[in-house]
Amino acid sequence: MDLPPVLRSEKGAIETIRKGVRKRNRSQIFLQILGIGAISFAFLMLAILLLSLTSTGYKAFVQTYLTLDVYVDPAEVSEEQLPRGGFDDVIEAALLQYFPEAGEDRATRRALGGLPSNGAQFILRDKVAADPSRIGETIRISVPVSDPYDQLNKGLIDRETPEQRRRVDNREVAWFDALKEEGLIRTKLNWGLITRPDSRFPELAGLKGALIGSFWALLVCFVISFPLGIGAAIYLEEFAPKNRVSDLIEVNINNLAAVPSVVFGLLALAVFLGWFGMPRSAPLVGGMTLSLMTMPTIIIATRAALKAVPPSIREAALGVGASKHQVVFGHVLPLAFPGILTGTIIGLAQALGETAPLLLIGMNAFITSAPATPLDASTALPTQIFIWADSPERGFVSRTSAAILVLLSFLIVMNGLAIFLRNKFERKW
Amino acid sequence: MERYYEAELKGIQQDIILMAEKAIFNTRRVLELFEKRDRDICRQIIAEDEEIDQLELKIDQAAVQYMTLYQPVSVDVRLIAMAIKTTHDIERIGDEASSIAKRMLRLFERDELPGDNRSEMLGIPEATSIALAMLKDAVDAFIEKDVAKCHSVVDRDAEVDSLNHENFEGFLERLTSERDNAEALMELVLISKSIERIADHAKNIAREVVYYVTGEELRHSGKGPSRSERGVQG
Amino acid sequence: MVTDSSSTQPIRETARPVHQERTKISTHEVDVFYGAAQAIRKVSIDLYEKAVTAFIGPSGCGKSTFLRCLNRMNDTIDVARVEGTILLDGQDIYDPKVDPVQLRARVGMVFQKPNPFPKSIYDNIAYGPRIHGLATRKSDFDDIVEWSLRKAAIWDEVKDRLDQPGTGLSGGQQQRLCIARALAVQPEVLLMDEPCSALDPIATAKVEELIAEMKMEYTIVIVTHNMQQAGRVADRTAFFYLGDLIEYETTAKLFMNPREEQTEAYISGRFG
């Protein structure tokens, strides 16, 4: 056949192609630049977020402590009436040793007494309660200083600011500096951030309640959604007849995964709390609510993992005479398990970060003790962040960032685990 | 659908035909030789046989190569099998023609061909014409894939056989009266035998064509071609 | 074309005598539908015991589909429907009384792609006997595993690494492992769906040799795209085209002198 006229030229096709190649290369480079730009922008935003979080949050990971030798005065504290003892007076007295002049007038004495955290008296009380024989002895205690002094120590309060606009006046700064010179002020790693429950006072507030609350909620969520999700997925994928009904169910499960979480919160509020009268703020209810959201994720992930098991394995098992359930439970499910686990972990990580439904069932209450059981009122990590972000005290600003960092690190660990499992067990067919 | 390597198979087919045409040509020259008694024709026949031998080598090689490379089946493998067997038969025809030419040459050389009237050769020329016709028909049958023609070739072999027998008897008879001509008569007996061989090879070719076309094996089957089949075939 | 088949001696049968041929599987007018589409039309064929039968034909001609009817593997496909009768030793395998699980133990299958379980070589073999309860003691399993691997001519290659995953073997070894796995449940019939299409020529030769050996004891049905392979291993060959069984003959006859023009065109590559 003759060459079509369009291809007949003196230079031949290669010249045209060469011209075209230049154009194609240009558009390829343009696309590459666009892609690199998009990724860089995303990374920049992430970096800014992490930077601002760490720059404000890192200060919450350390805490200013005051070391005091306290004489537990039997006149103030008696073994019989420990809870009502005047521990604050005892601490005040200990401070007055260093600043005798402050004892003269009542207002100054009160101001000096506000230097250690309000929680100092409880720390002392717990110590004495643990060993009542120490009444009448001098005990060395290390207590957090109250928030304004903590801020001062961390440089968050600028000494150059005019006194009227400062949260600590010159006299208080002088006390603090004097104590620092005595070597009584020390900056220590703030384990209280994770070992203490929430508190009205930033220097005492910790995430223990939120962490345990989140743990219970996730446990409940896992216990409910994992078996149910896998069971539903296995039935739909392996056993259900392929007809309109199963199609409808499939579409609805996919839609369920896309329902805004606040809707699930409302549902839980109406059903779990309203109809069943379950306790408010309980991690049990939180977990049940979260499982509503996690289950579709697990179902979808499990079905995808089951589908990914090659038909040749099913055929192999059927070919030697395995029955349907032997094929599914003996071959397909074990092979799909890494995928299922990965999907589950990612689903749980999503649940861990979920806030809105928990707010609606009251998991944003102010609770100063960690929940002992899933039925006790509690907060969760994201709701705790929500509470702290809402608090007016300056000290909570850095705590909020620190809490976000804690939450993020949990999420990173969980996602990392998912990636690890996938890489370790994923099979190439 | 024409296969992209069809040309190789066609090439083999055409070479077989070419080779067969050369054998036909030589057989015709033999017949001519019997009439004209020309030494040049003898030499030409002997020279031509060389070409037939070369073609046999070429076709056999191509056939083996085709089998190795294309693993033919069915009618293709039958063609290849036929090619290898047929070239052998054609080559033998060439050899027989050449040996007739050599014997004739010897007779001329010693001037021993008794007399110059045709009758002295008895039925040899007639047998030769029949063998030539058989050979031509066998090749035509190959080209036309005509099974009926093949059967007619096979049938005619008997005529040549009986002519050869008659020749043998005739020459034997003359041997008693023409003792001086004994050597020449022996040569003539052998020439007659050669013609009979040519007809045999033509019959073989015809049988091979039947195998190629139908897959039926006529050799050693203990049954000759049945008349009833002829009309239907082709 | 008139052919008198008695004059064409099937060479294969004189070279390798087939003793006392008995029909193992007999099908009568089998139709297979995938939804509305008909994949197999009225196929009637007798498959003989202790012989190799090859199914050949272009892709999509239904040969694999038909093969999968013989151990009811098509049951697992929702839309597939089989009509007609398939008799195994005279018993209808689609009879409601026949359990497909039990049937598949009698009619084993080897697939196109070697598909060992991602388990140890030992467990690959022991799986079938275990689910069918053929053995309970460890020593009995050991015996079955060795017997099967020896039957499949792979024992010497794997005897020192029975605890290693079957997926770590080469393609050809994997396929022989799959054959051993099928043999472990003591089948009578072995269906092979293009067992060598993923293998190199050496591995293919080994599997073919194995087929020739197994033929002494088993009824083998093999689907193959490779006509030379059918020629090498099969006693009889069936040619399928567009869901129809076009021609079923001794292999030598089918390849040297097919009856049907469609067969001729297909086997000689003049197809299309």
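Each chain carries a letter (A, B and C) given by its place in the written order, and its residues are counted from 1.
The working rule: contacts are C-beta pairs under 8 Å (C-beta built on N, C-alpha and C of every residue); 3 or more make two chains touch, one makes a residue touch a chain.
What you are looking at is a predicted structure, and each value in this text was computed from that prediction instead of being measured.
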item: Pairwise touch network: line, ring, star, complete, or other; value: line
item: Chain at the geometric heart of the assembly (C-alpha centres); value: C
item: Relative to chain A, chain with the most remote C-alpha centre; value: B
item: Computed distance of Cα centres, chain C from chain A, in Å; value: 59
item: Chain A and chain B: spacing of chain centres that average the CA atoms, whole Å; value: 101
item: Whole-Å separation of chain centres (CA-atom averages), chain B against chain C; value: 50
item: Of all residues in chain A, the ones touching two or more other chains; value: none
item: Chain C contact footprint on chain B (complex, rising order); value: 1-3, 71-78, 214-217, 221, 223, 229, 232-233
item: Sites on chain A touched by chain C in the complex; value: 241-242, 310, 312-323, 326, 330-331, 335, 427
item: Residues of chain C that touch chain A when the two form their complex; value: 71, 73, 76, 78, 101-105, 108-111, 113, 115-118, 127-128, 131-132, 178, 181-182, 184-185
item: Touch list for chain C against partner chain B, complex; value: 1-4, 7-9, 227-228, 231, 255-258, 264-265, 267-272
